[in-house]
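Going by the order they are written in, the chains are A, B, C, D, E and F; count residues from 1 in each one.
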Amino acid sequence: MTSSIVVRVKQKQIARLIAKGKRLDGRGLTDYREIKVEEGVVERAEGSARVLLGKTEVMAGVKIEVGQPFSDTPNEGVLTVNAELVPLASPTFEPGPPDENSIELARVVDRGIRESKAIDLEKLCIEPGKKVFVVFVDVYVLNHDGNLIDASAMAALGALLNTKVFNYEYKDGEVKIKPGFTPLPLRKHPIAVTFAKINDTLVVDPWLEEERVMDARITLTIDDDGDICAIQKGGSGYFSPKQVLEAAKIAKEKAEEIRKKLKW
Amino acid sequence: MSQKVEKLIDKKGLRLDGRKPDELRPIKIEVGVLANADGSAYIQQGKNKILAAVYGPRELHPKHLALPDRTVLRCRYHMAPFSVQERKSPAPSRREIELSKVIREALEPSLFLEYYPRTAIDVFIEVLQADGGTRCASITAASLALADAGIPMRDLVVACAAGKVDDTIVLDLMDTEDKKGNADVPVALMPNLNAITLLQMDGNLSLEEFEKAVNLAIDGCKKIYAMQKEALRAKYVNIKEVEE
Amino acid sequence: MTSSIVVRVKQKQIARLIAKGKRLDGRGLTDYREIKVEEGVVERAEGSARVLLGKTEVMAGVKIEVGQPFSDTPNEGVLTVNAELVPLASPTFEPGPPDENSIELARVVDRGIRESKAIDLEKLCIEPGKKVFVVFVDVYVLNHDGNLIDASAMAALGALLNTKVFNYEYKDGEVKIKPGFTPLPLRKHPIAVTFAKINDTLVVDPWLEEERVMDARITLTIDDDGDICAIQKGGSGYFSPKQVLEAAKIAKEKAEEIRKKLKW
Amino acid sequence: MSQKVEKLIDKKGLRLDGRKPDELRPIKIEVGVLANADGSAYIQQGKNKILAAVYGPRELHPKHLALPDRTVLRCRYHMAPFSVQERKSPAPSRREIELSKVIREALEPSLFLEYYPRTAIDVFIEVLQADGGTRCASITAASLALADAGIPMRDLVVACAAGKVDDTIVLDLMDTEDKKGNADVPVALMPNLNAITLLQMDGNLSLEEFEKAVNLAIDGCKKIYAMQKEALRAKYVNIKEVEE
Amino acid sequence: MTSSIVVRVKQKQIARLIAKGKRLDGRGLTDYREIKVEEGVVERAEGSARVLLGKTEVMAGVKIEVGQPFSDTPNEGVLTVNAELVPLASPTFEPGPPDENSIELARVVDRGIRESKAIDLEKLCIEPGKKVFVVFVDVYVLNHDGNLIDASAMAALGALLNTKVFNYEYKDGEVKIKPGFTPLPLRKHPIAVTFAKINDTLVVDPWLEEERVMDARITLTIDDDGDICAIQKGGSGYFSPKQVLEAAKIAKEKAEEIRKKLKW
Amino acid sequence: MSQKVEKLIDKKGLRLDGRKPDELRPIKIEVGVLANADGSAYIQQGKNKILAAVYGPRELHPKHLALPDRTVLRCRYHMAPFSVQERKSPAPSRREIELSKVIREALEPSLFLEYYPRTAIDVFIEVLQADGGTRCASITAASLALADAGIPMRDLVVACAAGKVDDTIVLDLMDTEDKKGNADVPVALMPNLNAITLLQMDGNLSLEEFEKAVNLAIDGCKKIYAMQKEALRAKYVNIKEVEE
């Protein structure tokens, strides 16, 4: 009960600031927190990256295995994105199988990569209908300070960017590993941009305190051409159609900014 | 091996099922179709066949999940094993878990959750046959089931998708358009409040196309909204007739 | 506690009526509620049916897939019956994996079909020991107003009656779908007849109020020849041997009645 | 490929294991075989080897499952992985879950559940080797374990199957007869009350055959009932001897 | 709360006795309870044994199946050990999937067999990389009166000792069963010896009352040559390095004693 | 098909990675690396990369698991799917469940559990990259995370393995040595109390070899203990510097 009073007080404080175009941590309404991306942090993985978005910390690792294609896409490799909200990242995360929050997180990250056609999946086909490469992207949240979606999308992309596929020879239905690696065929760099709606105002890259008081959340994932490739509204509030279109415009700018900054 | 991409829009500008780009599929809505549920609704939208039932406000087990200041809205979107081409395992898939969440969040803004502290309202959705756009049709039916259960609400929530197919912005995509088209934008709306309560997208749209699609989806929502209200009215009239 | 007093009052009322050969809803002791069967309600399924038994509503869908036979019946197709007590059907049903009630329901329906040899499973063999058709029957309870077993058995049979198996060509171990369909080879029409024992009297087709106060339940499944092919006693009471034999006789008559009525 | 159907009854009218149609398999029953359980029993019937243990009446966790006016009887029928030809996964199968339910419902009528409100009585059955008719042998043993635990009861419950094999009604089917025969009718009985507490069937029987089978099964039950009582007596005598 | 007072009283009593080199049940500090091993108790299993260690009772059954080898040991059969703490064995065991105690028990038994190389797994290879025998050892605890590890290790070994592998013919990738059996190729007889530390003293083969008051537990598994092949410390206490070495020496003696007694 | 057993120790007596038999791998330890956790530590030991976090003492859910006279220490050892050669399913394996138990039991002796009745202390360990000896490195990091959380303790727990490789007793085995060597003996120690809190072994060792290995592992523990204390000191100095 106490905690909900604290929330209400903070909510008012955050809302009052936002009405003046300001935020509790000093950022402007459309400013991201500091972004740090470190690639290749886990040598044992085929690709990996660690992202710091303010105090939010996410790691992603990529493993490549040989498997079967889906029956409706017999000549494409398979992409699988999984997200773990491991309990060391937040007092509110519990051990156990993925809950709706980690499933949503994984599926939003997946959608950005898949719908932007970032990976050239046809190049990951070994024998149509029989054998293809399976790309496992595992998103691992290490510290939760808000906006897990954007940080996770960046970590996943960062990991894919340094992913190497082992060379192989295919004979008589058997895949034989050969020395050397080939980079994963990556064509696009989808960037997720998330907004919180607080006091009927949109703010970019909400941190944890803002997420606690926000009415609703919207994420737009933008590809290299400035097109939208995925959207996800979350939270128990709503947006006006105008807000949605405004968010789309800002997301396009922000994505370009981030892509430049990270040289992606 | 190579799947020929069939034309989704013909020379006359008509779609595979003969619809114009801005045309809805045939829709049939019924309210109060299940005897046990506190509220229920059935929707047919194209070949989609979906039941929604509401139980509550009721006690919540285990009790420590109850909230002191509001009701807990719970939602389960579930597909019958026979509702799709290949039999679906009845265990909830990751897709069903995500959709249960976004549907719940699409319905929540319409309710006065603080009216019923320490209780739960359960929304159960069963997709009996799926043909693209099930999440939208589910929201349309679930909101009616909530109304049928007598839960006070700000407005009905209605949902409809728009998307892009063969470079054309179209309304209410069916299964093949959803799978082979360029983009799908499901939208849920409280029309009287002009409030978007669900918005998702996958595919590829420029900002301009996106704006067009959202507006077309909103138009579709408003048309279905009229049918929703008509279905509610039909039930009340029936009740009146029975009572008289 | 209150509810159990209500139950006791209703129990007395129901029992008093039954002593006079009457029932709360006006039926005679061996009368079924109104039965409606609608076949082919889900076009996407290979077979389907919806049954209304009074206010009890059950849907069944059949899907056909290609799979492997069991090792002890290498030249027979596989029948799999599953039942879901989905939570929209009753305030007492909970989401989650099948509990003992839905497992028992599925297994009793399964037994009726399997033991009457209703489906000619040998005709569903593609290559002995390797490839056969798997028939999935999914029973879906939509409204629970008592006697789920009889309604589910009817829904399952109704769905099987309109099930079509796709035509195919079998070459080099691959099944290739060809245009057209063949009806599922169905030889028998097992009908389940359920009794509740209330106040030491048997009543046919108990509805929910009667199930709440019954001592025990017994189901006999009868095939086209009037033979018994499956029995299941349920509930925490008992039957006298005489009652069991009486139930068998009535079940035979009722099954014939229903089979005529539904033209099965 | 084609399995030759072997004769299950020979020219002399004897069964595969040399029994006459109305003959039981050799049965060995022991009561009080486990040190920790409040009550226990072991049964060997043919090659079946089954242990039953009872714990309770005892507190029930989680507490909200307790009933204010009676004890909760819980029952788990479980097969050891090595009890059957092909290794069985130790996770409960659908068959085990159904059998746990019908065995519980076969035992319940014998107990005065209202004597111990807010408690649970747990019956745990472990099939160490299975050879047809395990549910019946389990009931026979479990009822003894309940008696051994000192739980008051109306009568012991005893169970035995009859069935049809090569057009003959036979008693107490073993595995091969169960699988290749025409019908199997397991029956549980409280002999003093002439009350059938479990009845199942699968196969094909005319009404007349069914009547014959039920009567034969009841005869079998009564024979085993005598052995049950003897086994109980044997334990009490042993205890007396130890005490003296 | 009461129970924990009882525990403390008993703890003092047990500790007082142990200080005098005595135990509550009259044994010396390094004495085992009476050991009875009965082999071949389940005819349907390929191997089986029942062990009584005082009142602790454990059964083990072995099943042999044809399966695939692990990719890193393509020409070795597969050993799988599983343990079930079935609820009839103790008021504290609950039905459900294996918990950390039964998993630890299975893994300690497994380690003893595996690390002593007791089974000649290479002889269980049918076709390298394709088909091998899988040996399932299922440990089944029937009555828990302490020291489940030693009793389970003995039951597992006893079951392996009378395990028969069916004869077979291998042609065209198919295993065809032939009449007759061959004994499982067993080379070693690992014996687990468990100590409890109570009042800073080591006692061998703790029974339940001792386990309830012990600070910690240590198991050493000894092979036929007197070498150690597995160790497991358990419990929330500790050992001094000296105690560990002392335990190793005693374990070697005890293992030899048991092996002689059981003629293993 | 046949795997050539490579030499694990060369003619100069050096190991695959150039270490001498009694040499530790390079170790890097950091304390207080995670913002949300009450305490945390990071360890790199060879290619092992492991994070440990501590939450608590805190309330425990469900409440009936709480103990009236002491805190409940819970521990989860978990490997990231990408931490090993073949992707590991994120669901806890039997190995992870066993290690969680023995790690918890290795940490427990160092804590005053009776100080915080009715609470829980949670230790969460995430192996980001595994290279042999993860359980030991995890204990070393977890004990530091407990200290960082301000939990009072008798001594730090530090862990290191010794083992036998090509007939030589060696310290701190890496992955290949672990898999292809003759024996592995992980040891956890509270150095000031000379108390062994974890001891496991697999492989084959004579009593003499075992004694040598235990002593070598204890030596290793003591060296790492110095680094542990240094890492704690480094954090306090940093805090001081920040405060000044």
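Basically, a residue touches a chain if its C-beta (ideal position, glycine included) is under 8 Å from a C-beta of that chain, and two chains touch if they have at least 3 such contacts.
Fair warning: this is a prediction, and the values are worked out from it, not measured in the lab.
Number of steps on the shortest path from chain E to chain F, with steps defined by chain touch: 1. Using the average of C-alpha coordinates as each chain's centre, F ends up farthest from chain C. Ranked by distance of CA centroids from chain D, the top chain is A.
Distance from the chain B centre to the chain D centre is 51 Å, each centre being the mean of its Cα atoms. Chain centres here are Cα means. That of chain B falls 32 Å from that of chain C. One finds 27 Å separating the Cα centroids of chain A and chain B. Counting partner chains per residue, chain E has residues 98 touching two or more of them. Those residues of chain C whose C-beta lies close enough to touch chain D in the complex are 1, 4, 74-75, 98, 100, 103-104, 106-107, 111, 114-116, 128-129, 216, 218, 223, 226-241, 244-245, 248-249, 252.
Across the complex, chain A is touched by residues 1-2, 68-69, 94-95, 97-98, 100-102, 105, 108-109, 185, 190, 193-207, 210-211, 214-215, 218 of chain B.
The touching residues of chain A, when paired with chain F in their complex, are 41-45, 48, 55, 57, 59, 61-63, 65, 82, 84, 86-91, 95, 97-98, 136, 138, 140, 142-145.
Those residues of chain F that touch chain A in the shared complex are 34-37, 40, 47, 49, 51-53, 55, 58, 76, 78, 80-87, 90-91, 122, 124-126, 128-131.
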